[in-house]
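Dropping the structure in here first, questions after.
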Amino acid sequence: MTSLVVLLTLPLVAALAVLALPERRREPLGLLTVAIGLVAALTLAASVWRSGPVLLTLGGWTPPLGIALRADGLAVALILMSALVMSAVALAARFEMRATRVGPRAAFGFWVLMALLWGALNAVYVSRDLFNLYVGIELLSLAAVALVALSGTAKALAAALRYMIFALVGSVLYLAGVVLTYAAHGVLDIGLLAARMPAESDALALGLMTAGLLAKTALFPFHVWLPTAHAAAPAPASALLSALVPKASFLILIRLWFEAMPDLASSAAVMMLAVLGSIAVIWGGVLALVQSRLKLIVAYSTVAQLGYLFLIFPLAGGGGSVQPWSAGAWTGAMFLALSHGLAKAAMFLAAGICIAAVGSDRLGDLRGLVRHLPMTVAALALAAITLAGLPPSGGFTAKYLLMTSALAAGQWPLALVLVGGGLLAAAYLYRPMAALFAREARIAPRPVPRIWQAVPLTLAASAILLGLFSATPFDLLQIGRPEPAEEGL
Amino acid sequence: MSLALDLALCALILGVSLAAVAGAGVFRAVIFFITYGLFVAIGWARLGAYDVALAEAAIGAGLTGVLLLTAQGRLRRVQADRTERPGAPLPAALAGGAVTLALAWAWFVLPVPEAPDVAQALPQSGAGNPVTAVLLNFRAWDTLLESIVLLAALLGVWMLARDADWDAPLGPRYHARPSGVLAYFGRVLPPIGLIFGVYLVWAGTETVGGAFQGGTVLAGVVLVAMMAQVLPPPRASKRLLRAALVLGPGVFLLSGLAAAALGGSFLSLSAALAKPAILIIEAALTVSIAVTLALLVIGPAEAPEPAP
Amino acid sequence: MSLTVFALTGAALVGLGVYGLLALPHLLRRVIAFNLTGSGLFLFFGAAGARGGAVDPVPQALIITGIVVALSASALAVGLVVALARSSGKVVLPDEDPAP
Amino acid sequence: MIADLATYAFTALGLVFFAAGTVGLIRFPDTFSRLHALTKADNLGLGFIALGIAFQAGTLAQLVTLALIWALALLAAGAVAQLVARAALTTSQEEE
Amino acid sequence: MTLWLHLLALGLLATLAGALWRVWRGPSQADRMMAAQLVGTGGVGVLIVLAALQDWALLVVALALALLSALAAVGFVKTQTPDGAGDPEEQSARDGGRYAPAASQKDAAT
């Protein structure tokens, strides 16, 4: 429980401290914060592993009056993944800022916004209160929009504004659902909602909340803001935005559909989500295929990868009915969220290294970089293996689980999407790889410190390790898993 | 009779909002939005939600209005391209209409649920005003995060400064004739506002008022003082300013952590200490909210414009 | 009856705001539309919270939190609009262009 | 009873002033005469309404608050009218 | 009395609707701003009436509104000056030319 409180408050305290303390304390403070956060995340994971979900009623007031938090296996897995990504980003940001000579404005802003983003993520992962989740994702969205605008170019500002508009529409729709839920039931707690008397307006409330969260998760057709926004941010910020931010709103969707109102998941509704996800997989992949800049390819790949996550809805809970394959699909999607987070952060950090080395991320300018930056290229290659779902990566485990459950469920179109998405990913990731491994180099790169290069490599390697040692995370994800998917194993 | 009043009020609210959305010209839209905030505040008064009426009067009719007005002035000054591309009216109208119809339908089928029993827990909360008890005690985590949201927005606004301007004072360089009406107004209003803001916080634990309302009123008079050149624009790097920004969330966080360290739950307030604790937290929050809101409206650091 | 009037007004405001948020090209007007949506939603919520005879304080507290959050978002959005106008001279978003 | 009568009389007077101000605002031909009509009317209108309502007030605090509201409105309206009039004088007003 | 207060509030709202017509028509920005100011004052009046009708606590809301009603107008006159930060009185006091007073020159020098 102590570690949970630490994880909730540490990033916020760090943000306040960076604001209040003089500049020279900033970097040591940032690194100390991520170190403590990593330790706290491991402690919390160990505690959940040993003795089940950790509960916390804030202020000692139980719902419906107060707000309850609950760290289950899924929340803890995301917390741990976020702490890893945050640590990597903090390390890489130090080098990045020196290499790109970031001014005092952006350097200051980055540390504060990163801490705020982290605080928001941890708050969302464990919250059980629909309105508290609203405040959490608002904090997340504002920090994320500010990170997109950090570079200050007209392009970045336009991208940030487009993101902002989608975020505003999303928060209004989500809030409308929350309002209807409270107006009908007088409770906001997810656990209490699961035990509610169903009301006629519940389907509308769930629909509004879902629509809002889809806009924030950038599911097709709400994806248009994502690629430009993620590509416009500085590379460490892009890593946070792509790897972590969409996972928060996706997690709320999971909480709503599987825990708060599982009885409302009609087969048509869950199929709709899966169809949108499938289109996102294909469309994001096709658009990634035609990009000529590394960061845009990686950003469009996020659109595609987020699409996979939505296959969970028909496979793991359609109509609230429990099927033998539910557990596999559920765990598979969560594995995908985790391994995508690690691999995508690695890719953006590696892209940042490439930009620092050759001053551009155009594929043509990256030619032959493998000889100068072997570690970075290795990181990109390992991350690509995960994203394409090739063995032995975490992405492979995820897709394997999803595939077997899709076939068991007789949903062969979804299985086709999984195969097609994998092929597309292999195709769009082949192009940067081909450029990086080219024989001739176009630009003589500047040297990049090896420690910096080791950061994305570590992240990408951990995405592979997630596949090699999948038993432990697999079991961790089962702790406190919502009922409908539980009995199928 | 009472219904006629509410009908007239709602007709005005709808008319004004329609004018703000559909009327040509941004300035007109902004002015209609300012009057909109006022009518909605009256609406909250009619609904018996006095704390919300106060918040809406201070924020909706006051701060948001001046935020939009100054922004509109800035846009005109940089002579931004005003060509208005047609949007996507039909799909947008369909979406808007669908949302309205859905909510209207929901209103008639919503059951009346049993609300959480605030009254029963109120004696242990340390506040006589149930809204304050919910904000500062029962749902303190929301309020803490909300004060951080304000800070995140301010950080985001600060990041919009140009790199060369980062060390410059925040916002435009407001000036006024030292003996003029504006300067006089800027000197007379702040003391009254200060007393009223402090009163709102003090009284807010028992009756209408609270940290957010008090902070907003204070932010309003700070803005008037800055525009009247009574208060100089601060630099973002100023230590005192930074301290004022983190004071509220900091005190809130530390008191929550102290409760956890002393064996309670995170953010818990023991019934004996709750009243003074809420007052201290609210006082600290008010300072931070006032400064944050005023600086949000003032905008990012700007080098002074060269004299024309 | 009065509550119904306020609730329906709120519902209409939400729809009007959603329309404005999607259809109006001028970015400052979109911010205004967002604020209309938010406050319409709160009006609906407030009316719903007043149905049980006594006014439920929880919606009031949530609404105050929501108003402050909406103001924060508006301030950042307005700042972005002004910054975009300063650096590109535009008050509308550049065309959607997903192609490379 | 007398207090009620005073309330009726003063508030009615206040309403008349508000109405007059609005009529002036609508009917007068140019910006400056509109400004002129308006500031007088709404200050007096609010003053009479506050005065009328004061006869219903029960405590001293309410009376003081009513007086303060009127004083603040007077101060704000006076300053604003002067400033807006000057602004209208010194800038070429574009139609918008 | 209750009936009269209701009528009074209704009457005030009706005059405010008239003022809104001027906000719509303009034609100058100053016209719209001043009409909005009248709406603000009228709104304070409505709240005072509602205070007597419903709950005297509403006087606090009316006070907040009266205190902040000038905020928007002050912001407006700022935007009407040449540099967007001035005071209309400065310009009528000087014969055009320089608007930047001593304070902002000092700032520019530092």
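Letters A, B, C, D and E name the chains as they come in the text, with residue numbers starting at 1 for each one.
To be clear about the criterion, contacts are C-beta pairs under 8 Å (C-beta built on N, C-alpha and C of every residue); 3 or more make two chains touch, one makes a residue touch a chain.
Owing to the predicted nature of the structure, the values given are computational and were not obtained by experimental measurement.
Enquirer: By that same contact rule, can you tell me which chains touch subunit C and subunit D alike?
Expert: A chain counts here if it touches both subunit C and subunit D, which gives B.
Enquirer: Going only through chains that touch each other, how many steps at minimum separate subunit D from subunit E?
Expert: 1
Enquirer: Between A-B and A-C, which chain pair is linked by the larger number of C-beta contacts?
Expert: Most C-beta pairs in contact, of the two: A-B.
Enquirer: Among the chains here, which has the CA centroid at the largest distance from subunit A's centroid?
Expert: Using the mean of the C-alpha atoms as each chain's centre, the farthest one from subunit A is D.
Enquirer: Taking mean CA positions as centres, which chain lies farthest from subunit C?
Expert: D
Enquirer: Using CA atom averages as chain centres, what separation in Å is found between subunit B and subunit E?
Expert: A distance of 18 Å separates the two centres.
Enquirer: Please work out the Cα centroid separation of subunit C and subunit E, and write it as a whole number of Å.
Expert: Each chain's C-alpha centroid was found; their separation is 23 Å.
Enquirer: Rounded to a whole Å, what is the gap between the Cα centroids of subunit A and subunit E?
Expert: Inter-chain centre distance comes to 47 Å.
Enquirer: On a C-alpha centroid basis, what's the spacing between subunit B and subunit D, in Å?
Expert: Taking the average C-alpha coordinate of subunit B and of subunit D, the gap between them is 27 Å.
Enquirer: Which subunit E residues reach two or more other chains?
Expert: 16, 26, 29, 33, 35, 60, 63, 67, 69-70, 74, 76-77, 80, 87, 89, in rising order.
Enquirer: Going through subunit B residue by residue, note those that touch at least 2 other chains and give them in order.
Expert: Where subunit B meets two or more other chains at a single residue, that happens at 2, 26-28, 46, 48, 63, 72, 74, 99, 103, 110, 115-116, 118, 139, 142, 146, 149, 152-153, 156, 160, 181-182, 185, 189, 192.
Enquirer: What are the residues of subunit D that contact at least two other chains?
Expert: 68, 72, 75-76, 79, 83, 96
Enquirer: According to the definition already given, which pairs of chains are in contact?
Expert: A-B, A-C, B-C, B-D, B-E, D-E
Enquirer: Which stretch or stretches of subunit E touch subunit D in the complex?
Expert: Interface residues on the subunit E side: 1, 4, 8, 11-12, 15-16, 18-19, 21-22, 26-31, 33-35, 37-38, 41-42, 44-45, 48-49, 51-52, 56, 59-60, 62-63, 66-67, 69-70, 73-74, 76-77, 80-81, 87-89, 91-92.
Enquirer: In the complex of these two chains, what residues of subunit B are touching subunit D?
Expert: Touch list, subunit B to subunit D: 25-28, 181-182, 184-185, 188-189, 192.
Enquirer: Quick check on the complex: what are the subunit D residues that touch subunit B?
Expert: 68, 72, 75-76, 79, 82-83, 96
Enquirer: Going by the contact rule set out above, which residues of subunit E touch subunit B in the complex?
Expert: It comes out as residues 2-3, 6-7, 9-10, 13-14, 16-17, 20, 23-24, 26, 29, 32-33, 35-36, 39-40, 43, 46-47, 50, 54-55, 57-58, 60-61, 63-65, 67-72, 74-80, 82-87, 89-90, 93, 98-101, 103-105, 107-108.
Enquirer: Under the touch definition given earlier, write down the residues of subunit B that touch subunit E in their complex.
Expert: That would be residues 1-2, 4-5, 8-9, 12, 15-16, 19, 23, 27-28, 31-32, 34-35, 38-39, 41-42, 45-46, 48, 50, 53-54, 57-58, 61-63, 65-66, 69-70, 72-74, 76-77, 169, 172-177, 180-183, 185, 189, 192-193, 196, 200, 203, 207-209, 213, 217, 220-221, 223-224, 227-229, 232, 304-308 of subunit B.
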